[in-house]
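So, here's a batch of structures to check.
Here chain A shows up in two complexes: once beside chain B, once beside chain C.
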Partner chain A sequence: MTAHGTTAPGARLEVSDVTVRFAGVTALDSVTFTAEPGTIHAVIGPNGAGKSSLFNVLSGIYKPAGGSVRVDGAELIGLAPHRVTGLGVGRAFQNASMFAGLTVEENLLLGRHRLGRGGVFGAGLRLPHMRRSEREARAKVRQVAEFLGVDHLLPLPAAELPYGEAKRVDLARALATEPRLLLLDEPAAGMHTHEKLAVRDTIRRIATEQRITVLLVEHDMGLVMGISEQVTVLDFGQVVLTGPPDQVIADDAVIAAYLGRAGAAEKERSESEPPS
Partner chain B sequence: MAQLLSMLVEGASLGAVYALVALGIVVIYKSSSVVNFAQPSLLMFGTYVVASATSLHGLSFWVALPLGVAAAAILAVLIDRLLVSRFRKTNAVVAASIMTIGLDVVLLTETDRRIGSQILTTDDPWGNDVVRFLGIGVAEARIAALVVGALLLVLFQLWLHRSDFGVAMRATAEDPETASLMGIRLGRVSATAWAVAGALAVCAGLFIVAYPSPGLDTSVEAVALRALPAAIIGGLDSTTGAIAGGLMVGLSEVLVRGYGEHLAFLGQGFEEAAPYVLMLVVLLVRPAGLFGIREAVRV
Partner chain C sequence: MFDKISGRIRWRAPVAVVAGVVLLAIPLYADRFWLNLGSFAFAAAIGAVGLMILVGRVGQLSLAHSFFLAVGAYGYIWLSSPGTEDSWGLGLPSLLAAVIAVTMAGLAGLAFSPLAGRLKGIYLGVASLALVFIGQHVLFAAEPLTGGYNGRNVPELTIGSFQVLGVEPELSLFGVPLRQAERGWYVTLLVLVLTTVFAVLVLRSRVGRAFAAIRDGEVHAAALGVPVARYRSVAFTLSSVYAGLAGVLLALLFQRVVPEYWDLFLSLEYLAMVVIGGQASVAGAIAGAAFVSSLPLLLQRYSDAVPGMGGAVSDFGPAYVAQILYGGLIVVILFYEPKGLAALATRARKALTPRRAVPAERTPAS
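Entry: the complex of A and B
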């Protein structure tokens, strides 16, 4: 996997004073934190704390009422989703939204769409530089698929993938966009213990081998505390604390916010949260 | 027997032409969930550009053809950019679809005004020749329609299934939001779909006005409209369905006309209603059309 060592290093993500309101409800209230390049930064909090809203801001779906989000200094707020992808922000989904009508390889090639050259008709006319660009795209897709151990799935229709493999392919698709910042929305949701261990190793390798900044939303505390350099705790749309895992675990305010009030509800929560 | 064979050839030929127009409706629907009722006006506009260039300005067919195709494609992209895209922000696809009905009426009024009572010919290379085989005679233009139509349909399917853009379009059809998160520009996908739909409509229009039809007059728009039942019969979101629907409409029209004397109880000119009756029957059995996935009800 030496080829991945040459990937551009991860981006610094600076979220400052981001506020999102829906019809009087404040989903995010002056949220501020910074994820350092090449680190794994987790965002945790009870249900409804604003994690999904934050991800939707970071991928350009929600326009916040105020605040700024910078990816290596470039402002992200106000950009259409496809331009956010262009800034180097990749996203894997909680429910692994594969395009069921496409093969796994086509799903991954989609991630390369913006990186291809030659446009619509070039592809139809099979111009030489398009063929080269397409060959490169397929090679890159295979490389990413091998990195995540899903290369044997490439020719299959995405609709046929079992849930766990769909999650891995979804992650591969996000990586195929060559992100500098990777947003992972509950990558271990609904997985067995041994699958969670594999997910943990994969995320660690993405950060260490590819030096991509990873922003992680996850409910599994063992996973979060085991791999994150920094953890931001959200509650009722506000940042309770940002710090290293051992500090977060020991913090009284976090225990009150996270375990005290919502801990019980959290345990009862069914594993599939409504899609964000 | 010879009569049936000749009707089958003619029906398939007409069906291939309808399929081209229906394909335009399907590709727009797939890319933006808008049903484009203005497809007949795109056909009329582009065909008028070709016919007026050849019969009024003396250009050769091969010069006029790219002009007409480009004109319809540009008009289609303008419609998408200036009008349909305004509905996209609020996802008001029903309103946008209905808007295209109004647009169709306006554009047809203008082409009708320009055509007036003239019958314009396109000076196409097939002329008035008739090919004889297996004891039947078929206009060369009908054979050309079948061959060119089939070729365009195959090329289109290859494009949709092999090219980078085709993958992007199919992904957009399935889930626009996730597609845009993958870096796909929805506006560009939609504009391309409209351009392709416009171009296909002109190719179809040129065969509709070829021999044995006398040429382009204002009655052609009613013929073009039959692509709509074709698209719906096949399933609005299926390109394979558009081809199947086109063939079914073409065959039903020609067969009903051919056996008109046995169907006299239905009245004269029933062949023009036949595609719509066929559509009603198909929808009763399969509300999403023969190959469709999403129910047409959603639009």
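Entry: the complex of A and C
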């Protein structure tokens, strides 16, 4: 099944020449890559490579010094964070922070906030358009929750969720916005191996069954290599390369980024001089 | 889980019916003192619910609540009084004046939205402080509006020749004549019930969820498409409408108002109501309002019985003692039970509900 009824194809994400500077530090330096519609595209890199900065640019939280980010041709940069959702961009955050005072269902309903209708008067006077909108929202939220297997959690207070469940609910909440592009910031952070595998399957299902473009910002090479069509490697705010996983894994510059220059030198030496 | 939910439903309906019957029957038995006490508490509760929405649900601080109460009160006086040479008035029909006065309070709140939308939490509290001081200055300076230090009479609320809070025409219920005190009780109670239902429906809707999301995590709320600044100013405006309504009712009950009443201390009293009530609870705010608004009146009535407490005019009078008492109560609540009176109700319900609730099924789903 699909959570959205329609199979709206994923959006194309074009990041070009994005540069972010903080007081002299260049966090992102002319970052350029394209995520094709309906694919899983990973952005990896060691700590401090600029992954979080990139995520914050794509969320509308950071305003870059230069460059452009287009979602199906529509410029994202300059939009307030709440307007980015309007381009069809859904976001799941690294810390999976739930709105603690609300239930899981209400958390998911917030994902549909933009798609709902009605204000103070509609709510306070129980006007028909508002009630209809609420009913639809609850039905859709249940579908999304079922798709991700979190429907049994719906009535629980969100504050009581264990971390792993909260991550899944966060993902469901991002899906509830009906995105064409889903940004995932370290979806497997802090998880143990079998949870990581479950996350990997879920992401794959989102891309294949719902045809949503997934941009995965991840630290974990293992998770990324198994599911991504394309991988962009960042180091010190620059793109080292973009390519399919097997190309990335074999690239010396990538190994240098992850293991340091010494590591790359080590590798070279071991290749040229077989151990005696 | 489902026990918990159905338990709420099981308890709520009968409790609401019993409470409703008691509240409706009280004017048949209680004397004027208690009815006035109740009317003030109901009117104050409307203001407290409005402030609770802003403080408890959106996480914003406002110290300007007394300003919006004053806009409602003086708006009503100005619109409904017949103007004379030295006092302003438009002489509108009083019900229309009341409606416009509440709208004016809302517009005043809306006018503040460039600040109310952008500033967060305590910063808004500081900015809103300015409104109280401006308000106080204007109220004392604008004598034709407020009557200066001497205050000004509040025109009666009439619909045609019907005195809503007066004695004409004579009405009675089960042989008990409904005069000012009884009508005051019923009218304020009715308005409180209507505004409370409205507030509960708003808070349960997507608007209320957006409020809570802003309180619990502004960045994430925005990332889900919630326009944070807009909802902050919506909440501020809504809370000033509630304040304006409370202001109109309080003025009608007082029958004569003086400028110094609408000062910073009044704002703090409303904050006290919200905090004592548990910050984020509608019922708590109403209970907090009942407590804070009736405490000085109760102390005054029974001050003779309290050794060492002087009359109303002494330094150690009922109003002063009441401040100390609920000041102390706030400290106790913040230390031991931040959810205030609302938490007491929850505890009572838990204690009374049979402990059959099983933790929800948490099977790891596919």
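Heads up, the rule we're going with is that the second predicted complex is superposed on the first by the 255 of 276 C-alpha atoms of A that agree within 3 Å, B and C clash if a C-alpha of one lies under 4 Å from a C-alpha of the other, contacts with A are read in each partner's own complex, and residues count from 1 in each chain.
The rule is short, and it goes like this: contacts are C-beta pairs under 8 Å (C-beta built on N, C-alpha and C of every residue); 3 or more make two chains touch, one makes a residue touch a chain.
These numbers come from a predicted model, not from an experiment.
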Checklist line | Superposed partners chain B and chain C on chain A - clash or fit | finding: clash
Next item on the list: Would you sort A:His192 into first (chain B), second (chain C), both or neither based on which partner it touches?
Entry: neither
Check: Where does A:Arg135 make contact in the superposed view: on chain B (first), on chain C (second), on both, or on neither?
Finding: neither
Check: Does chain B (first) or chain C (second) touch A:Pro81, or do both, or does neither?
Finding: both
Next item on the list: State whether chain B or chain C is in contact with more residues of chain A in the superposed arrangement.
Entry: C
Next item on the list: Please indicate which partner A:Gly111 is in contact with in the superposed arrangement: first for chain B, second for chain C, both, or neither.
Entry: both
Next item on the list: Considering only touches as defined above, state whether A:Ser97 meets chain B (first), chain C (second), both or neither.
Entry: both
Note to self: One more residue to check, A:Pro155. First (chain B), second (chain C), both or neither?
What the structure shows: second
Margin query: Can you give me the overlap between the chain B contact set and the chain C contact set on chain A?
Written below: 59-61, 80-82, 84-86, 91, 93, 97, 99-102, 106, 109-111, 113-114, 116, 119-120, 123-124, 134, 137, 173, 177
Item checked: Residues of chain A defined as touching chain C within the complex -> 59-61, 80-86, 91, 93, 97-102, 106, 109-111, 113-114, 116, 118-120, 122-126, 130, 133-134, 137, 149-153, 155-156, 165, 173, 177
Margin query: Going by the contact rule set out above, which residues of chain A touch chain B in the complex?
Written below: 59-61, 80-82, 84-86, 91, 93, 97, 99-102, 106-107, 109-116, 119-120, 123-124, 134, 137, 173, 177
Margin query: Help me check something: in the complex, which residues belonging to chain B touch chain A?
Written below: 159, 163-168, 170-171, 173-175, 177-186, 188, 192
Next item on the list: Write out the stretch or stretches of chain C touching chain A in their complex.
Entry: 1, 5, 198-199, 201-202, 204-210, 212-213, 215-217, 219-228, 234, 238, 280, 360-363, 365-366
